[in-house]
Each structure stands twice: as C-alpha cells, then as structure tokens.
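In the two complexes that follow, subunit A is the common piece, with subunit B as its partner first and subunit C second.
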Partner chain A sequence: MMTNIGARLTQGQFSFLPDLTDVQITAQLNYALQHGWAIGVEYTDDPHPRNTYWDMYGNPMFDLKDPAGILKEINQCRKAFPRHYVRVTAFDATRGWETPRMSFIVNRPAVEPGFALVREEREGRSIRYTIRSYAAEKPEGERY
Partner chain B sequence: MSSPSPLQPGSVDLSAILREARVTEALDQLDRELVGLAPVKTRLREIAAFLAVEKARSGFGMVAGAPSLHMSFTGNPGTGKTTVALRIAEILHRLGFVRKGHLIAVTRDDLVGQYIGHTAPKTKEVLKRAMGGVLFIDEAYYLYRPENERDYGQEAIEILLQVMENQRDDLVVILAGYKDRMDTFFRSNPGFSSRIAHHIDFPDYSAAELGSIAAGMLERMQYRFEPAAAAAFDEYVERRQRQPHFANARSIRNALDRARLRQASRLCAMPGPVDAAALSTITAQDIRASRVFCEHNNRSD
Partner chain C sequence: MSNSSVVSVVGKSAAAQRYKAGVLRYVEMGYWQPDYTPLDTDLIVVFRITPQAGVDPEEAAAAVAGESSTATWTVVWTDRLTACELYRAKAYRVDAVPNTGPGSKSEQQYFAWIAYDLDLFEEGSIANLTASIIGNVFGFKAIKALRLEDMRVPVAYLKTFQGPATGIVVERERLDKFGRPLLGATTKPKLGLSGRNYGRVVYEALKGGLDFVKDDENINSQPFMGWRDRFLYCMEAVNRASAATGEVKGHYLNVTAGTMEDMYERAEFAKSLGSIIIMIDLVIGYTAIQSMAKWARRNDMILHLHRAGNSTYSRQKNHGMNFRVICKWMRMAGVDHIHAGTVVGKLEGDPLMIKGFYDTLREPRTPASLEHGLFFDQDWASLRKVMPVASGGIHAGQMHQLIHYLGEDVVLQFGGGTIGHPQGIQAGATANRVALETMIQARNEGRDYLREGPQILRDAAKWCSPLRAAIDTWGEVSFNYESTDTADFVPTATASA
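Now for the complex of A and B:
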C-alpha cells in the first residue's frame, strides 16, 4: 500500500490501470455474460482491503443477454453514490466454482487519501502492524 | 460498401447488404414456413428494405438517428404473432439493429407487481433481460385497467414508455393482442401509439390456408390423412370456423392432437398387431368423432 504512490485503491481486476471507460466496461460485462455469470453491482465507502462484503445496489442480475441493462444499473449507482467505491462482481454458480469470477471497480472517489501504517507495541518489544484508512476515520456516509 | 460487383465509388448495392446479412434467406424461410399472412410478409419485406437503406445511409455518414422499430401486432389468436416476432428478432439481429437477437415473451404478470413498490423493479428486471433483443408483450392491453385507478399497470406503462423512447437502440418492443382491444388500449394510451412505428395486422386464415397448415403440422409429426380423412378435415375446419372461440392455427393443432388421441384409442381397441402404416394414418372416423360434427352441440354454441 505504501508503494502505491497515487494512493489509488487497488482491489480486484484492472485496478492498476486508468479507470475503465463505459465501452471497456461493456466489453468486460459481455465476457461475463457469455459465461453465464450472475452480475451484481456493489458499493462501499470503507476501502479497507479486508472489507469483503460491500452493499449490493439492487438485486444481482441473472439470465441477461446484453450488458446495456447492467451499464444502466452501474450508472444509476454512480449517480446515487458519486463519492463511493462501486464495483461489479460476476458470480459463477457452477458447481465446484460457486464464487465470484470477476470483480472490478467502476467508480471511485475523486480523492483517495490512502492508508496509514499502524504499529502496535506488544510485550517483549514485538510489534504488530496493521493498516488504517484515513477516510474511514469519519462516520459512514461522510467519508470522501 | 464491401460488395464485390464493379460498383462506382459512392454507390451501394442494397440487395448485397440484404444478402450478406442473410436477411433474404430469413424472409424466404418465413415465406416457406408460414402459410398465408400475405400483408404481414409484405410489411416485413418493407421493414427489411428500410433497414437495409438505413444501414447503407449510415455507411455514407448520413444520420437520421436510430429508427424507431417498436411494433404492434394485432390479430386474432393463433394467427402467428409470436412466430413472426421470433423471426423479426432474427432479422433485426442480422441487420445489426439489435445486438443479440433474442426474444423475451412476457405478459402482464411478468411486468406488474402485486403491491406498492413491486412493479418498478419487476418491470426493470424484464427490460434488463430484454436488452439487446426483442421484448414481446402478449395481450398488452391488460397492462391498462381503467376500471381501477390505482392499478399498478400504469406504473409499468410509464417505465416501458421511457425505455422505448430513451433506449431505442438497446431493445425493440412488440405489443401484441386482439385488434379491437389493442385499439382501445392505444386510444387510452396515446404515448404508446406515437412511439410505435409499425402497426401490423394479422388477418385470419382462410379455410384453404388452414388446410395446408394442418398438412404441414401432420408432416412434421409424421402422420398422414387417409384420403377420406382429408375431406373430413376440410369439413371439420369449415364447421369449426363458424363456432365461437376459433383460434386459427392453434385450433387446428388442438384438433389434430385430439384426432391423434382418438386414433390411439382406436388402435388399442383393435385386436391383433398393427403395422407402421396404421400407426401413422389418421382415418376419417378419427375426425368425424369430433363434437364439432354433433349437430345439437353446434346449435347450443
């Protein structure tokens, strides 16, 4: 995290690349739909990497053929939460997988302050490290 | 465009566009497989030609905006509305006016919810599934129930109208239903009427057409009429047409199914072995046993 100079959150696919355009997102969604994965739109304002379960925006979308409907959903979510992280998750329900196969961020806050390294003194001069997001200091909804 | 013929630069071969997109093929298939429906077929050819011209124009950079392709199919039951809708989806897909070319067939139940706040997500869900293809709303007039002013159908109508207007390049909506009730529906919802470019009326089949539909169905099911049965069936069609609740091709299919049923029980009641010819032959007796031939039943209808 400390080496990520721009402090951009790097979670999921494509997170080291510049933000995906709508055309690029559509292409990725098409790939997921071709495999028959269910697609969900999720949002959060807690960027901690262990914050796995984000809030779902609407229902997960099954049985779609075309990404236009999903893109519309993404744009609605962006409009409702312009300063939140929004990600798209493609879930594979195939037996044996039963897990998200794709996950990428499609919306992020304009300013991402990043994370601080926290050192905790333990007995015997040992040190425990953890990270703390600057944004998460503030209460939910007022971050970013 | 990419036509191989020696075209002057700046000109375009429209039939080549149709050929390359395999639209001519789809239309010919429609001609072969669907009996009658001449006005519908003419209209489809017109639409296909229009779309080809539109495509050629966009090749020259002439823009007229995405053409409105929403349609309404009116006609009596069993006149082939759903079948034609399937073909339209295919033709639109081949010409590149819808991206995926699938058909989602829905009725009021799939669009309208049961309590407040249920309708919008339900309708949007269906619209999402139909994106990139064709949304076929059967018996669309049920969406509008003027007798109940708090009916949730109105909400579904508003969402539909909005999407039909704003996402014209994402999906094509086809409304289908009986002629008179659709007319009332359009009169009370002028928004729909003005957003629908193509009103296509499906005529009833004539007796001769129904006969050839029956022949085609039998052939696909690997049955055949004995000569007397064919004559009996013609008579059956003529009588059935005069009765209420006649549903064109669907009634024909049901009649054939019942004839098969009677044939089966006749064969089972017969002593001794049966051969392949007997298994695939429907006799006049199987058809004449129908209640359509009962005179007094006829009168009570």
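Now for the complex of A and C:
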C-alpha cells in the first residue's frame, strides 16, 4: 500500500485528481487533436519511475482525428488489461519539440503496493539507492 | 617634385589628417556611420545612453561604440597597421527615448544602435563578449549613465556555444513529466538547519507532490551544515520520496563554492549519489558557469542557475543592463533553469517584460517586439530551450494567473507556500499539485480559466482539504507594487515621426 496522500502512483498529468471520466478524457483528447498531436495508448504492469517503454497498444494514432474513435481504443485497452496501468500520450512532431506533450494515466490496478527502497551502504557514508517495485517481483502478466 | 608625387601626397592627406596625433571627436574617428547597414554576421546592441550635458547624442553613441571596440582617448598611429575600419564598432542609429527629457521626470535619454563585426569576439566565450560590450565603457565619463538594453547575437556566433546542457525537451523526457509546469520549493529557513533537519523538509515536500526541492542561493557549506552532509541527507530524502510516489524526483544541490576545484568536487559527489540535478549561482561568473554547463552536459546532469546578484545591475532603468540580456547569455552559456520572474509574486516583474524574458529563454526564434522589450529578431539557431523558474512569494491561489502569464514550460516554486502550510509540508505540496493539475485540466478543456480560476480552485478545494486550507491562509495575499523596469516605447512613434 502506498503511503503518499492519495495512496497511489503519481506519474502523469492528472494523478492528483479523481479518476477522469470518459467525458473528461475526451476533452483532453480534443486538446491534443487541436494541437495536431498524435495520441498513443500504452500499458504496463511495471510502473517503475524509470520504466520508459510501456507496451504500445498499437502505434500512435497519427491518422485518427476523431476523439470518439480514440476513446474506443483506450477503452479496448482498459478492457484487455483491466489490472494494468494504462496511459495516454500525445506526441508532437513539430521541429524543436518532437517529444510527448501530454501524458496521463487512465487506468490503474485496484491495489497499488508501491515500491521498496533498497540501500547499498558504500564507502564513507555514501549509499547507492535502488527502487524496486513490489508488484514486479512476480513474472510479467501475473502482477496485481 | 613631380606631378605624380603631388597627387600621392594629396591622396594621403585625408588619412594623414585623421591619424595626426591629438584628440578627435568620436564621430570624426569613424564610430558614427548613419548609413551603415548591419551584416547578418554582425552582433548588434542597443544601449540606453544618458549623455553628459553638452554632449550630443551622436557623439555619445560614437563614444560608446569606440570605447567598447577599438578606441582609446586619443589618436594612435598604430591603427594604421590594422584593418581598423572592420574592427571599429559602428553606431548607426540614435533615437530619443520616449517620455524622457524636458517636461518629463527623467533626463533626456537615447537608444543607440551599434554594430560589431563578428571577428571582434572569441568563439564560445561569454567572458570575451562581455569584456567588450560591458567593459570599460560603463565607467566612461562622457556619459552620465549607460544601460545595455538588448543584443542581437548572429547565428554564426551562437553556433560556437554549447547551449543548455539538457534543455526543456530532454529534461522532461528524463523526468517523464509532460504537459504541466513542474513544481518546486526552496527549503526554508534558508540558513541554520542541520543536514538531518534539512533533508526532512525535502522528503516531506517531494512526497506530498512536488517534483523538485531546491537549495537556496546562499546555502553552500557553512558552520551549521557542511555540503557533504546536505548532499547525503537530501539524496536519502529524494530516493525515499521517489519510492513513495513512483515518480522521478530531484533536489537542486547547490555546488557553488570558492573555487572551480571545489565546485567540481561537489558536482562529482552529487553525481556519485545519483542526483539528477545540481545548481549554481550567477555570482560565480560567466566562465565558471560555462565550465559547469560543459560538466553537466558530459555527466547527464540538469543545471539549475539561481540569478543571485542580477538586481544589482538590472533593476534601475538608466544604468546597468536589462535582464533579457542575461537570459540570452545564460542560454548561450548553457544553463537549463534560470529564475526569470513570476509577474504576481514578491519580486520585481512587469508582465510584458517577463514575457520577453520567457520567450528569449524558450522560443526557437523571437521576433522584435518593443512591447515586450525585444528590440531585435533573434534566431536561436536550434540552441536548446532553457526552463524558466518562477520563485518568490507565489501560492496555490494564484495558479490560474501563473499558468496564464508563464505557460506550462516553467518551474513554479512555492517555498513558503509549501512549507508554511497549516497542515504541514506534505499537505502544502499536495495543495499546490492539486491546484496545478486542476487548472491544467480546465485550460485543456477550453474553459476561461483565468477568469474562472478562483472558482475552479474553490471547486477542487471541496474534495481536497489541503487546498482548502491553502486558499483560506493565502487566498488574499498579493504584491501590487509598480514595476521599475518597464518598456519605453510609443506604439506609433515611427509612423508619426
């Protein structure tokens, strides 16, 4: 059980807010589409803060401009992976950016056990820190 | 004497006259060239000049051009051994500053436009650039006061600088944080906490929802807390908070010290402990800043710069230099973060001027915009973007204004607004993060968040008691003083002139 104020993983733009409804998600999709950004859906059961590459639920939807269609993809991913973390990322291809411009979580497991901090005492008083996910002790697909 | 030698004597006489020993007016020495068209490779500077009584503006401008390039007080024949026309800076335009002079509150001032050839400057050296442009000339007797207002840096010169060690894009990718301002706080009290107590503040603030905590500019290594203790306890706090939230977190470890050797030692120690970010103060000097920027690029470290000291020369309008020039030099020198004003907080800042600073730090090119204090079109030649930092007297109740004025690529630092929260530091951090996320959500939904901001925050406060407490405590606090540094322009001046 995570002990921060919301008792949850706080990655992404909106983790401190109540879970977004489909209407609220659609509003965010519209914002991305208005800027010409391509939306991708990704999922994982290893939410380590430095796990950059969540699995893609298909490529970013460069040619899909209809928020209802994108929401359908999101909901299919949530249905396929109900106990995974699912995030929506908006990719900006503009010169000088060429990077994600939005990223927010739209699905998370019912129970979030969080992370252990492993300390390796070293010379002097230095400590090398490792963050280990409790859930990721189990094999992929069997977590949460 | 033959005819041909007569011709040659007459031909020489203009030059001979020019280089006759003695003192000439600067306009006569070649530093005033109203017909000059600057080259794309020229560095162009606008100075605000207050001439001494009896010195006409062209002579004052020429004097500034002369003293910031090749001239000395008297004619020297050794100029004739050089391509001196090239090396002379050329004052080519003088405009009276609106609302100065007779009938106004201030003495008559002028904007002088001066062009410098690229060969006057060493590649990749802010020190060399500034030794000319803000060197001896600022103490020159023929002018009462002098202010460096803006500088157009040619692309050819920009390309000799590294630029930000990390830049906004890479910083966000490393942090895995997109689409919202980053949140920070400066540990308070600034001075006196032991390393152990200091780390407590860092842990609480990060666990509560901040992305960064920061050393203050004057936290280095004092009797109450040595730097190694601070680094060790802060990294324990950062890693504990990261494990508690699943987010990448950081603390700006200030490596400012008395010598470069000490700074490198501190930076290496920060790296060995796994810190993602270090910090330096502007007062360490341009060369030290460039050295640390190169170190940061080599070591995958984000480099935060605190602008300690800048107000000694940037705040008064008639003398010194405008902060926008510091922004330009720091983007070239290679820092990733710089404090650049809040608009609504406790420190100096006119909204339009601050937009000029922020654009200078973040945009790929900035068009001339007198309204924002930008005199020139500036192409940034793909130098990375610097993340501005807003710090000083800001709180969660101003979130709508902060996002409106400063945008999303900014670090919002709520020091007192986090640590002074009535329910504790974690609650203070949570209040700030909830205010931020709720306002970004509203903005993206297309709501008129600037106008509706207070209501949006009150609605969120219904389900978030830390935010409610923050608004109850600071909701009405504001700092409404007139700015001293504002733009001087008349929108129709050119048309009516």
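A few remarks follow.
Methods note: the second predicted complex is superposed on the first by the 134 of 144 C-alpha atoms of A that agree within 3 Å, B and C clash if a C-alpha of one lies under 4 Å from a C-alpha of the other, contacts with A are read in each partner's own complex, and residues count from 1 in each chain.
The definition used in the following text is that a residue touches a chain if its C-beta (ideal position, glycine included) is under 8 Å from a C-beta of that chain, and two chains touch if they have at least 3 such contacts.
Since we're looking at a predicted model, the values are computed, not measured.
Annotation: superposed three-chain arrangement on subunit A; subunit B versus subunit C shows no clash, the two fitting side by side. Touch criterion met: A:64 reaches subunit B, while subunit C stays clear of it.
Ranked by how many residues of subunit A each touches, subunit B and subunit C are led by C. After overlaying the two complexes on the shared chain, residue contacts for A:139 are found with neither subunit B nor subunit C.
When the two structures are aligned on the shared chain, A:125 is found in touch with subunit C, with no touch to subunit B. By the touch criterion defined above, A:73 reaches subunit B but does not reach subunit C.
Superposed on chain A, the gap between subunit B and subunit C at their nearest CA atoms measures out to 16 angstrom in whole units.
Overlap of the subunit B and subunit C interfaces on subunit A comprises no residues.
By the touch rule above, subunit B contacts subunit A in their complex via residues 99-100, 102, 121, 125, 127-129, 131-133, 167, 170-171.
Listing the residues of subunit C that touch subunit A in their complex gives 169, 172-173, 176, 178-180, 207-209, 232, 235-236, 239-240, 242-248, 272-274, 364, 382, 385, 426-427, 430, 433-434, 437-438, 440-441, 444-446, 460, 463, 466. Only residues 2-6, 9-11, 13-18, 24, 27-28, 30-31, 47-50, 52, 89-90, 95-104, 114-117, 125-129, 131 of subunit A touch subunit C when the two sit together in their complex.
Residues of subunit A touching subunit B in their complex: 58-59, 61, 63-70, 72-73.
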